[in-house]
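What follows is a pair of complexes built around chain A, which joins chain B in one and chain C in the other.
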Partner chain A sequence: MSAVSASRTTAALAVENLEVAYTVRGIDRAVLRGVSFSIAPGEAYGLVGESGCGKSTTAYAALRYLPRNGKIVRGRVLVGGDDVTGMNTSQLQRFRATEASMVYQDPAQAMNPSVKIGRQLIESFTLLGQSKPVAAKSALDALRRVRIADPVRVMDRYPFQLSGGMQQRVVIAMALACDPKLLVLDEPTTGLDATVEAEVLDLVRVLREESNAAVLLIAHNLGIIRSLCDRVGVMYAGRIVEEGPSHQVFDDPQHPYTVGLLRSLPRHGVRKTERALATIPGILPLIGTDLPTCVFVDRCPLADDLCRDEVPPAAPVGTEGLRFTRCHHPDRIHELVQAPPDVPIGILSSSGANPEVLELTHVSKTFRQRNVNIPALVDVNLQLAEGETLGIVGESGSGKSTLAKTILGIESADSGGAVSLDGHTVAPNTTGRSANDKRAMQMVFQNPDSALNRSWSVRRILMRSVEKLTGIKGDEANARVEALAAHLRLTPRHLDLKPRQLSGGLKQRVAIARAFAGDPRIVVCDEPTSALDVSVQAAILNLLADLQSEEKTSYVFITHDMGVVRYLADRIAVMYLGRIQEVGPTDDVFNGPNHPYTEALLSAIPSVDGEPTSRIRLEGEIPSPANPPSGCVFHPRCPRVIPGVCEVSEPPLREVAPGHAMRCHIPIEQLVELQRKPLTV
Partner chain B sequence: MSEFDEPVPAPGEIVSTPGADVLVPSTTIRATAIPPTTPAETELSGVVQFSERKQARRENWRLIRRRPAFIVGVFIVLVWTSCAMLGDKITPHDPFKPSSSTHLSPSAKYPFGTDSIGRDVLSRVMVGARDVIKVAPLGALLGVLFGVIIGMVMGYFGGWLDNVLSRIVEAFLSLPVVLVALLAITTLGSSTWVVIGVVSALFTPVVARTVRSAVLAERDLDYVTSAKLRGESSAFVMFKEILPNVSGPIIVELTVRVGYAVFTVATLSFLGAGPQPPSPDWGVQVSDGFRVISASIWWTTFFPAAAIASLVIAVNLIADSVQSVLEAS
Partner chain C sequence: MVRYLLRRLASAVVTLWLLATIVFLIVSVLPGDVGRRVLGPFALKEDVARYNHQIGTDRPLIRQYLTTIRRLFTLDFGNSYQTASSVNKIIFPALFRSGKLALLAFVITIPISIAAGIFAARRQDKPSDRIVVTTGLASSSIPEFVTAAVLLSVFSVHWRLGKVFANPPDGTSVIGQFRYLIMPALAMVVAYFGYITRMSRAGVIHGLQSDYARTATMKGLSKGEVMRRHILRNALAPTITVISVQIGYLFGGIIGVEKVFNYAGLGSTMLNAVTHKDIPVLQAAVLLVGVVYMSSTLLADVLIAFLNPRVRLETTR
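The block that comes next holds the complex of A and B.
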């Protein structure tokens, strides 16, 4: 694995002092402010940074694929020694067809939805000059290459008939059709589940070894970069502020921004009871801002006059010449790296001591579609104590969101089950619930853009919720809105803005403020930070934890991020196919022994710390809930399946330790034994 | 705990969405023409922020006004409106008074010629917009109003209600427009209000379908769920929460429908369902002159027909401008 920067002529990709601007309202606004890096053949290079820092622009510029209003102002891009910036249209076309490929975030959008997979794949080979029969054979080979089971049948399917992971494999197969020198992956796994993500990353890793393509990987997930890339460039406001071998950069960051990014992640099993997460104060400079300074100066705790006056040069780190940092004060980085003050966010007593707020007993939810019953929730029993956070994890399609909706009454539970609030059973449907019951349960949604009415001002959004939920009107309500906003650290200025004028983090604060408008007992949070950058995520998680310790609110916290759930949750429930497979205190769930499904989920997370994890690969996909497997629903994918037992009967939810229960046939002693040694499948 | 303050982008500034990075869609160039505001300015003046929506509206308005198509359209509409309003005060001749000089071809005295009983065609064309200019916008407006209500109900509730209403709407759309209109007018009489009612009834299904599809895209957004969670009524959700977010397509629909309405009204009067002779209504004039066109007396038909065409085109020019600006923003 070569970590040495290749020279210009031999590099698969060499970006030299690239400056890109977007023309917005007639003015050129700088987005990339002199980006330089190179990738050797066969090397994988990662770009990380917050959204808006220019990662994707760099990737698109590398293929000369900028949007219409974007242009390369200065600098060069060389792919395999050829200057991409100077190519004319036909050269560019040939270059894109034969030299470089790109894989996008959303595989569904990268394929033509009305053309069968086979035809689309064959087309990418006929474009290379192959005859139809040869191309058909190549297409099949390409599918085999990306490890698609039963490629012949897949050729005959439409994109929508494939799962997200399969789609992304097909897109990767198309991207590899021309055997490119450069493969650009732009957030290739962002829309996928952790287990599928792990599979796709494995695939990319294997393919890298098979071909000699250089990989440029754009990701906001530092763990992915670490697990896949030889070297990493940390981008901020259109400059690479730090570069070096991934493990060195992540283990020993040498730029204040990298330090900030890494510290805002919930890592090393930190819990809310131990300390608040670090955030990065301040904001990313707007595009087009003139920055003859250190780009990070406004948010840097080390900034002084030198940083404000001069662009820091790339200062080498270490003696091997593999790393640099664009910081004037690399000698003072250690001041930042020191652990932040361990200020716990409120001490919450253990769940047993607090009164129970919510109880689900035998809650099931069956959807009916075209005369087929689809059980989305099957006999869910859960309790939630006051001030407690219950984390719900599981792959998409596991019933997490249906559970949330059923608790809130957006979907009515099947008869026979009951949702109880403070000891009384509430109506299954929101409309049937009393004003007090509605007030007691509110929700924070995943995407604040969709959750806030874009034509309402923040004040109106909050006002309406205060009035409707508390019955307070007029000036009093307004006073409450202002108090609420202040509590969520929104300024009065924000109240008169429309959601689209706010950044993602601020929008999510408004959404949280709305949920808290009527002093709820329970707030259901559906992936509230998955659309946010890590530093903003940290601030939102801190805020949620603060609010909880002050208001004694209980959270049902749905997430796919194991780090987040470990930080925030007191107890965790793991769902699969509408059933709770394991539930227990957070520490127990993370320390094991686990249900094999939990075990697989936990092992799928790419860690930024690069801890050696023995991976358990889950074969196949979540089965359709309309036609669940016999016996234990997880048995077809379970790496520890006991033949003759698991497919016969469904195991009960058995308590294995106080408060820790799981649904598995394997005796707990045996599970402890099995999970002590890493499993390799 | 380190705290942070998040940005408030300048008015019209692009807030990049997570994952999308800063790929600014090129359409935003057209959409906004606000002079760039530096972050410092924005921070200082809350007023700029407060009037942001008004400003966006002003900016859109300014963009519309800059379009030549819009200017031409408005000019033509204004010409016909003032002609209709001022009427015989500005006509060169009495539009109703017959004279002995029948069927004179266009000349200096009678630029558009005279008709079969010697009336000045120019004067008649000038006052002939009276009915159309009242009836067409009102008919379109009412049609859009009913269409919005029905489309909103269809889109929001969905299910069997949507199914039933959709079938009714489709049934309506499959009937020949002119036939239905003629039938209604011959049964109910040809008063102005009946014509307005007929035009609006003809447009309601079309508008309903447009609104329905716009509402379908909105009703599954989380802000609607949130409204339900706090116990809002369906009417509130539909008309206070969703309606402002679908106002763009509704405004476009309205302007487009006015153009169609002009055409429909003219067609109806041409067929005799509407104002009756001696009304100078354009449709009536065309229908009058139509009979003598074979005798090479083209001007009694051509000028009122051209007037109809000019008004329809003018309204469509306005509609196009409004549409392209609203869709870009």
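The block that comes next holds the complex of A and C.
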């Protein structure tokens, strides 16, 4: 690991005391408050921090691409010694064409939807002065370089015809066209599935070895930063508050904010029964706030008068000169790290002792599209006990959301299957369900922005749910709304605000309050925290666990985040192509033995703790549900496939231990043996 | 693509049939006796009855309906009640004249308003953008017959730059006809400039804020190249839809302008047919406007499919 701090002259990127402001309603509001860092050629530097901290602004400012209302107020950006801040338009174009490139979040949007991949890629090369035929050849080579299997065919496709992983490879190929000195990756894997994310990260790692580009990686996922970056800068409110080699910063944080971030992550296999997650109380200061103080002062447990009066200087950490922290009290950090463990959230007796709330027997869901049957759920059998959380994991397209909708009756299950609530079979569709059945099952969505009516106040949103679900009206309903809000730690002041006036975490609280308005038996949560920052996520997870222990509500919790599901779920079901491939108690699923698909999913997670994981790479894409593979549907991608067996017949869901079942032909003893030593593929 | 077109054509035929049926129903529930209306209050009862028998209005409604529909397929709209000549002789020249005027109006409007939209989008919220937007809003809120009347009195009467009557005499050269048509065409331009400008401005602003425009900029393309190679193609689809709908309006809807310039287009023909209860002419005119409407939307859909591979490829399957 090259952790040598880049000296100013040789740095691939040097950001010097950069201040950026956005003009809002005629006033310049500071976003970056003096950011300085540098990256050596071939080095990878990560910026982390919660949304709004300025990490993306820093990246875009480095390439002089700011929104119309943004401007660089002070400071310089040097790439390979050239001052980007002073370039004129044509110099800037030349610079972007030849010196620096960027890879974006959401590759589907990053490419022109109506131009073929080939033309978009060739354009990157003709900009370097290559003739069309030469550029076409370079484009093919570029696709091979990012390990695209059939480059000739891909050249002739449109972006929407490629999967997310392929799209991101093409964007990376475009970015590498000029062999850049600086490569900026802005959340390159956010929104991609864990297995695809792992592929893209592997590719970036390999490409780094092939080129000498300096990498600036923006990510909110600390595990990705750790697995890819030599050094990391932790940003808060437009300043870098801590910097150092990434393994040192994550293993031994020296700033209260870094400590807070790390402590709010569900890690080390912690479970809701052991302790609540730590949160960072308070919110990020608004942009433009005058901060002649420590930027973190309002949320810091160590803050004193010194912190309120003076901007802390960068205090060196250790003797090697590789690290600094902007904290007045680095000597007291250990108090935070060693803070007593939080109280456990109410512990429920083991799930077996509780009565069953929900049962799915032989539930299938087949969609019909253009006269083709598309099985989205195939013979799903599940039970959910009172007060239990069932985690549902799987890649996109695995049928997680269809399962949720089928339980709730938004989609009706095919005939032959049954959804039972508290022992009685309910109608497959909401319209056929009684008011009481509807009240008993509620949902919390991923994006509270689109789940809440924007033009209604919080009070009106909750009032309507209370009235609709319980039939209570008038003052009584209002009293209930207020009690509900208090229960969800919303203050009376919040009730009269509109959703847009609330932060993401508060909006999600309102959405949860809405679901709880009628004392539900079951709440289906579809990725409820994936749009939230980690400290807010921790607060929401704590809230969900609290509510569950008080109300004995059962959760069906859909997520792609293995850390979250491990924290919250009592049992986990792993889905692939509409089938449950493995289901079992959380500990069993995490400790193994596992279905080979679960094994691959688990190995794909980049860990913030840098735990050694031998990566299992899944070849190919999820097959189309309209045309599932023969036999075991996972066999074309399975690294442990038994030829002659797996493609012939589909294995049944067999119980391998009490409550732990999987759909695999390999005998359990053999799986235990196989998974003891890491697989090398 | 061929299948898509066939499907679109089939649905167009169904729509036309519905339109014909609705027109027929409205006409048949109109009170009064056709023969009496045509022959006048002093005609003999027997003459009225004979006339009704001759044109078939004494037969049961369903038979009349079937006859009407059958005639549609042969483009036979019958004879005008007013002049007793074939409806086709009245309606097709009128359609041709409306077409000429609409074409001229569009040839002027489309480039000007799309250019203005792009100009304004690139200067979003700056004074020049505000001027374009406000001008567009103002011009589209003036009724077109008022614009027509002003243009007529200022340019045609006072400065004698255009003609007062837009109908060119037979045998006028193409350039000569231009002098006759330019004033009514300008009135239409003023009416539609604002709308199309606003649409293209919105599309381009959306394109400028898109991620793919960011990618193109970061590749090192100049602003002009980003606009030409990446944004326009995606940004103009909604504008094309709007324009195509406007074509239908322009053929049938600009009665005010045609009236002011005394131009015998489809609009004035329809107005004339309504005031004189000339039902065959009215029926044919309404259907023709329907055909124009549908062809222009079909054309727009084909254009959009051409510009947007997603539409094209998904409709081919």
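We take it that the second predicted complex is superposed on the first by the 677 of 681 C-alpha atoms of A that agree within 3 Å, B and C clash if a C-alpha of one lies under 4 Å from a C-alpha of the other, contacts with A are read in each partner's own complex, and residues count from 1 in each chain.
The working rule: contacts are C-beta pairs under 8 Å (C-beta built on N, C-alpha and C of every residue); 3 or more make two chains touch, one makes a residue touch a chain.
Keep in mind that what you see is a predicted model, and the values were worked out from it rather than measured.
Asks: Using the superposition on chain A, tell me whether chain B and chain C clash or fit.
Replies: Overlaying the two structures gives a clash between chain B and chain C.
Asks: If we overlay the two complexes on their shared chain A, which of chain B and chain C does A:549 touch? Say first, second, both or neither.
Replies: neither
Asks: First (chain B), second (chain C), both or neither: which does A:98 touch?
Replies: Touch status of A:98: second partner only.
Asks: After superposition on the shared chain, which partner residues are touched by A:381: those of chain B (first), chain C (second), both, or neither?
Replies: neither
Asks: Tell me the contact category for A:478 with respect to chain B and chain C: first, second, both or neither.
Replies: In the superposition, A:478 contacts neither chain B nor chain C.
Asks: If we overlay the two complexes on their shared chain A, which of chain B and chain C does A:494 touch? Say first, second, both or neither.
Replies: Touch status of A:494: first partner only.
Asks: Report for A:36: first if it touches chain B alone, second if chain C alone, otherwise both or neither.
Replies: neither
Asks: Which partner reaches more residues of chain A, chain B or chain C?
Replies: B
Asks: Contact-wise, after the overlay, does A:65 reach chain B, chain C, both or neither (first, second, both, neither)?
Replies: Once the two structures are laid over each other on A, A:65 reaches chain C alone.
Asks: Looking at A:124 after the superposition, I want to know if it touches chain B, chain C, both of them or none. Which is it: first, second, both, neither?
Replies: Second partner only.
Asks: For A:455, using the defined touch cut-off, is the partner it touches chain B, chain C, both, or neither? Pick first, second, both or neither.
Replies: first
Asks: Pick the chain B stretch that clashes with chain C in the superposition, from 26-34, 116-124, 152-160 or 170-178.
Replies: The superposed arrangement places chain B into chain C at 170-178.
Asks: Using the superposition on A, tell me which residues of chain A are in contact with chain B and, in the other complex, with chain C.
Replies: 68
Asks: Taking the complex as given, what residues does chain A use to touch chain C?
Replies: 63, 65, 68, 89, 93-98, 101-102, 104, 106, 109-116, 123-124, 127, 158, 160-161, 171, 174, 370
Asks: Please output the residues of chain A touching chain B within their complex, sorted ascending.
Replies: 22-27, 31, 51-57, 60, 67-70, 105, 187, 190, 220, 276, 278-284, 286-289, 340, 343, 408, 410, 430-431, 433, 435, 438, 441-443, 445-447, 449-456, 464-465, 468-469, 489, 493-494, 496-498, 500-506, 514, 518, 531-533, 535-536, 539, 542
Asks: In their shared complex, at which residues does chain C touch chain A?
Replies: For chain C paired with chain A, touching residues are 124, 210-212, 214-222, 229-230, 233-234, 307-310, 313, 317.
Asks: Which positions of chain B touch chain A when the two form their complex?
Replies: The touching residues are 1-26, 28-29, 32-34, 36, 39, 46, 49-50, 52-53, 221-223, 225-226, 228-232, 241, 244-245, 247.
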